[in-house]
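These are the structures in question, set out in turn.
Shared between the two complexes below is subunit A, which has subunit B as its partner in the first and subunit C in the second.
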Partner chain A sequence: MNTLIAIIGLGVLCLLFEILDFRKAIIPITIIGLLGVLGLTISEYNAPNSYYNNMIVVNKFSVCFSSLFIVLTIFLVALSHNFYENHQSKLSDFIAIKIFLLCGAVAMVSFGNLAMFFLGIEVLSISLYILAASNRMNLKSNEAGMKYFLMGSFASGIILFGICMIYGAMGTFDIAEISEMSQSAELPIWFPIGIVLVTIGMFFKVAAVPFHFWAPDVYEGSPALTTATMSTLAKVVAMATLYKLLSAMNADINYGFQMVIVVISIASMTVGNIMALKQANVKRMLAFSGVSHAGFMLMTLLSITTSAGSLLYYATAYSLAGIAAFSVILYVCKNQNNEDITNFHGLGKTNPLLAAVLTGALLSMAGIPIFAGFFAKLVLFSQTIQAGYLVVVIAAVINSIISVGYYFKLILAMYGKEPNETRTGKPFLIYAVAIVALVLNVIIGLFPSVILDLLA
Partner chain B sequence: MNVSLLLILLLVGAIVTYLAGDKLASKVALFFGLASLGCTIVLLNHYNLGENISFITRWITQPNVSFALKADGLSLAMVLLTTALTPIIIFSSFGNEYKNSKAFYALILFMSFAMTGTFLASDGLLYYIFWELALIPIYFIALIWGNGDAEDRKKAVVKFFIYTLAGSLFMLVAFVYLYLKAGSFLIEDLYKLNLSSSEQLWIFLAFFLAYAIKIPLIPFHTWQANVYQKAPTVGTMLLSGIMLKMGLYSVIRWQLPLAPLAAKEYLPVLIGIGIAGVIYGSIVALRQKDLKKLLAYSSLAHVGLISAGTYTLTLDGLRGSVLQMIAHGFVVVGLFFVAEIIFRRYETRTIAEMGGIRAQTPKFTSLFLLLVLASVALPTTFNFVGEFTVLYSLSQINVWFAVLGGTTIILGAYYMLKMFQYTMLGETNKRIFADVTANEGITLVLIVAVLFFFGLYPKPIIDLITPSLEEILTQINRIN
Partner chain C sequence: MNNILNQIGIENYIFLSVILFCIGVFGVLYRRNAIIVFMSIEIMLNAVNLLFVAFSTYHQDAQGQVFVFFSMAVAAAEVAVGLAILVSIFRNLGSITIDNLKNLKG
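Let's turn to the complex of A and B:
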């Protein structure tokens, strides 16, 4: 609760800076503020509590995920410095929107009431729509914003409809009460229908197949930093929320529903990976790779009672690798009008450090050991085998192999081709973010217990 | 003092080499290579005195993973092979110039680190991590410093990477399955499992995929010849000298004891696959025009025989295989080095463009001849000891296996001597062939010396490996 208020305060402060003409300090102060909020959040780890008649419930789950979101936001804000160099006049708007986005994210994992959940998802989505269209002179960015807005509001509508159904069946928005009532033998048919509608809406948000069509276009068209936000923060938020919704409402995860998850999970992995193989644009490629990672994360829903820790681990590993990868992409594709793989040619020669970081990030996403991605997959596989879904694991293994194909395409381009241009300048913040994110990734890869035991 | 020291030494070596800069990198790497060899010998000494040099500590609580390094005779023999070949391989590269050599030598040491870890790990997950880790340096070594057309090289290397990764991921699934049954990844706990024969079959197949690709066995060998040809000679040496042995070692350490029933049931098939590799490799080698490719296929034939030996599940078979692994490691490194020496002077790997070198450099010729003879398992060479033991064990299973496997000696002699004849003998070549340099000479003499020393006196190695092989064999025969 304190987290949420503090974040909103920080967002308002950002807007005030604009009025006070204090732009230069905005990024350092925001980062310091977020670090403070992070400390505040962590201090609530051992003090579960609920506020405003269960509107907001703070527990270990919400604290862990909120901390992850705050860390990701710190990285994204740090990257903004270089990215918005030429848009100084709007800097405070962009930063403030990112902070409000974080607000929505935190609300989405700490809701105790479906009304709060919907508020959170709208705050997050609207911030993202704005960011997607923020490069307003660019046709593609406009298209991305429009597309994302139409698709997203459609999904929100479905979610709202689902919430109404649940309310109709249960007579309450309160998660705890719904959970209690859902254990009774006779449930009105509206309840499962409502759950299915909410789930479909969330599948839109995580871009799982067959609700993924918006992702590649929106990722490609949006400004690169927004793409980074969408593919790391927004994806992880939506996944955590879906997990929380289904586990908190004790939704009857019966055999049929699990089969649907199995199918969607396998389909997301396969379609995402196969489509990614063909992409020449790095942002599109990572969009499809994100679709396949959504498929991996959906596997946690198959053992929903025990897999909170592994979801947190996977989300952390994936998003840290994503941040590291995107900071290199931001560096390479600055002043370019596209993000094609050709831009990366010879990066291993011109800038070995960033090439190594991007290689590490991609290896983590492919699940090669010592990077956190490996343990994320390992824990996921063992949990899913335990739940009795060997088929999904085998599909996941085959998909991991396919994914190596396109991750290595980028690595090959960096090391196997001659450089076609030289880049000057070593933006400190980009280097710092890239290295810190990858180092964190390796650290949690070497000591997975640090994260895994948080939600044990 | 325990084996973790060796791993730390190699890892620190890799980092220091990278930091030492391009000029010093090769020397620093050689220093650390020799230091790790020294460390291995000291450890061997401690081990022979009966001290406990294993190392175990808790790493991750959930899932239950330990950082467990177990040193028994078998793993120490393989570690010795690794740490003895690493300085030789580094030293052999002194005649070449590499761009960005600090990264190059650091990667060699890092790969040596990962392979040593693979041989020592006694926790399934740790073993898997080292196994995968060894793949990354060789990928970059072959990709960045390889030879030939860049596009072809990329294709070959990526194919190799995806192939091996695909195999190992199925092994990972098998490990996860075993973990869920045993509650631990430790090899002792996995050995205690009582798996049904159908479970064992699946486990066996998952492991088989990983190892058959790595070794490689027919029909999973298609990556091999191209990668050997395209990789720089150092990479080829690392691959054929040590990395292949990771697969063979793993068969003995992990696959057979964990799924003995499946191994017994399919014994003839498995030996058949190995022997098919012998015959296929030999015949294809006969037709090769490229020296490195010829050696690659000869390597395929040799590892086919070694794996046939391990799948006999007899003490002789296992012992012969391990001896042959070590012997083959040295001889193949020597032969690839010979190819490199010729390439340094003639800039070609095509056999037809060589010939008539003998008269110009008799010393080099005789060393090369000794290597060729060792490769075809002439008595008094180390390879003879290994190959003979393997063939003997095969004859105990079925005489025809030994007869078919024995073709390796006949065919091997044929293609190796023919190759020798075309490269070295004949009318004196008009192009000048500079005599071997001191560095090259030392490397070759060292390798030949090792091969003949252990050929005449294999007892230390046999004594080292036999107890642990017996232990593994009891494990294999525990259920009958």
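Let's turn to the complex of A and C:
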């Protein structure tokens, strides 16, 4: 609750700095402010509470995920310094939009009322539409923004219809009351219809098969930093929200619904990985890799009462690896007009440090030990086996092996090919973000219990 | 007010909203002019608003009507951003037909 107000204050402050002509101070002060907000959020860990007639409910789940989102936003703001170097006059707008995006994200995991959930998802989506189309002279960026806008508002309409059906069945928007009433035997048919519609809308947002078709185009066309935001922050937010919604609304999901999740999970992993194999554009490849990771994260819904910790762990591992990978991509593709794999040729010779970071990030996504991605998959698989879904785990293991194929394609291009150009300049913030994100990833890989026990 | 709702029946309100919602969905899927697609999205959202008000009267509860204000405000914000994107597309391409947007493929 305090978190939300502090974040909004920070966003407004960002806009004021532009008026007061403190442009140079925007990024440092935003990062310091976000660190302060992070401290404020963590201090609420042991004090669960609800505010404004249950509009916002602060509990361990919301505190942990909010902290993760704030950390990711700190990284993204730090990367902005280099990325918007040539657009200094718009810097404060871009940073402020990122802060408001974070505010929507925090509202989405700490809602106690469906109205707050809807507002959160819209604040997040509208900020992303703007960021996706923010390179307005570039036709690709325009196209990505338009596609994302059409798909996003279509999904919002479906979610709104679902919320309306749930309201019709229950007569209230309060999650706690809905959760209590959903235990009773007799419910109007509108309630399951509403849940299905909201779930479909959220599948659009996490880009799970068969609702993933917008993701590759939007990821490829958007400016690289926006792609980083979408594939790390937005995906994790949508997944955490879907988890919270489903665990609140039907704690004992019935058999048919579980089968749907099994099918969508397996389909997301398989389609995402197979399509990723033949991509030459790195952003597009990571988009399909994100689709397959969404499939992995959907597996947590199968043991929904106990898997909050493993979802947090998987989301942290995936998004930290994503940040590390994208910071290298930002560096390599800074002055290129595309993100083809040829740009990465010989990076291991010209810039061994960043090549090592990118290798580490990709290995973490593929699930190779000592990186957090491996332990995240391990925990997730063992939990799913305990819940009795061996088929999903077998499909997931096969998919992990397939995914190594395209991650290694990029790694081999970095170390095996001759460099075709020289890059100059060593932007400090990009190095710092890449290394810190990867080190955090390795640390939580070595000490998984630090994260897993938070939501036990 | 509640009397009228009882005479007409809540089901009929649901049917009307679902029909309007589907008109919106098919508009988004089949029309190629971006402005018409935006209008179709508005039809979807307003169909839901109608149903919210009907349910609100059905349950004798004001929350549903308040939610309509939220969804109207959000729809206005959304369409403002959408039109801004459309303007920048028109400046680059000189047309607003969605079929022209096919640079991104692979």
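Rule of thumb we're sticking to: the second predicted complex is superposed on the first by the 454 of 456 C-alpha atoms of A that agree within 3 Å, B and C clash if a C-alpha of one lies under 4 Å from a C-alpha of the other, contacts with A are read in each partner's own complex, and residues count from 1 in each chain.
Please note the rule applied: a contact is a pair of C-beta atoms (placed from the backbone, for glycine too) under 8 Å apart; a residue touches a chain by one contact, two chains touch by 3 or more.
Just so we're clear, the structure is a prediction, and the values are computed from it rather than from any experiment.
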Which of subunit B and subunit C A:Ser156 touches, first, second, both or neither: second
Per-residue contact with subunit A, leading partner among subunit C and subunit B: C
First, second, both or neither for A:Gln258, with subunit B first and subunit C second: neither
First, second, both or neither for A:Met146, with subunit B first and subunit C second: second
Contacts of A:Gly168 with subunit B and subunit C, given as first, second, both or neither: second
First (subunit B), second (subunit C), both or neither touched by A:Ile385: first
Where subunit A meets both subunit C and subunit B, residue numbers: none
Complex contact set, residues of subunit C against subunit A: 10, 14, 17, 21, 24-25, 28, 34, 37, 41, 44-45, 47-48, 51-52, 55, 58-59, 61, 63-64, 66-67, 70-71, 74, 77-78, 81-82, 84-86, 88-89, 92-93, 98, 101-106
Subunit A residues touching subunit C - in the complex, by the definition given at the top: 115, 118-119, 122, 125-126, 129-130, 133, 136-137, 139-140, 142-147, 149-150, 153-154, 156-157, 160-161, 163-164, 167-168, 171-173, 190, 216-217, 220-221, 279-281, 284
Residues of subunit B touching subunit A in the complex: 60-63, 103, 125, 128-129, 132-133, 135-136, 140, 143-144, 150, 153-154, 158, 161-162, 165-166, 169-170, 172-173, 176-177, 179-180
Subunit A residues touching subunit B - in the complex, by the definition given at the top: 309, 348, 352, 363, 368-370, 374, 378-379, 381-382, 385-386, 393-394, 397, 400-401, 404-405, 408, 412, 415-417, 447-449, 452-453, 456
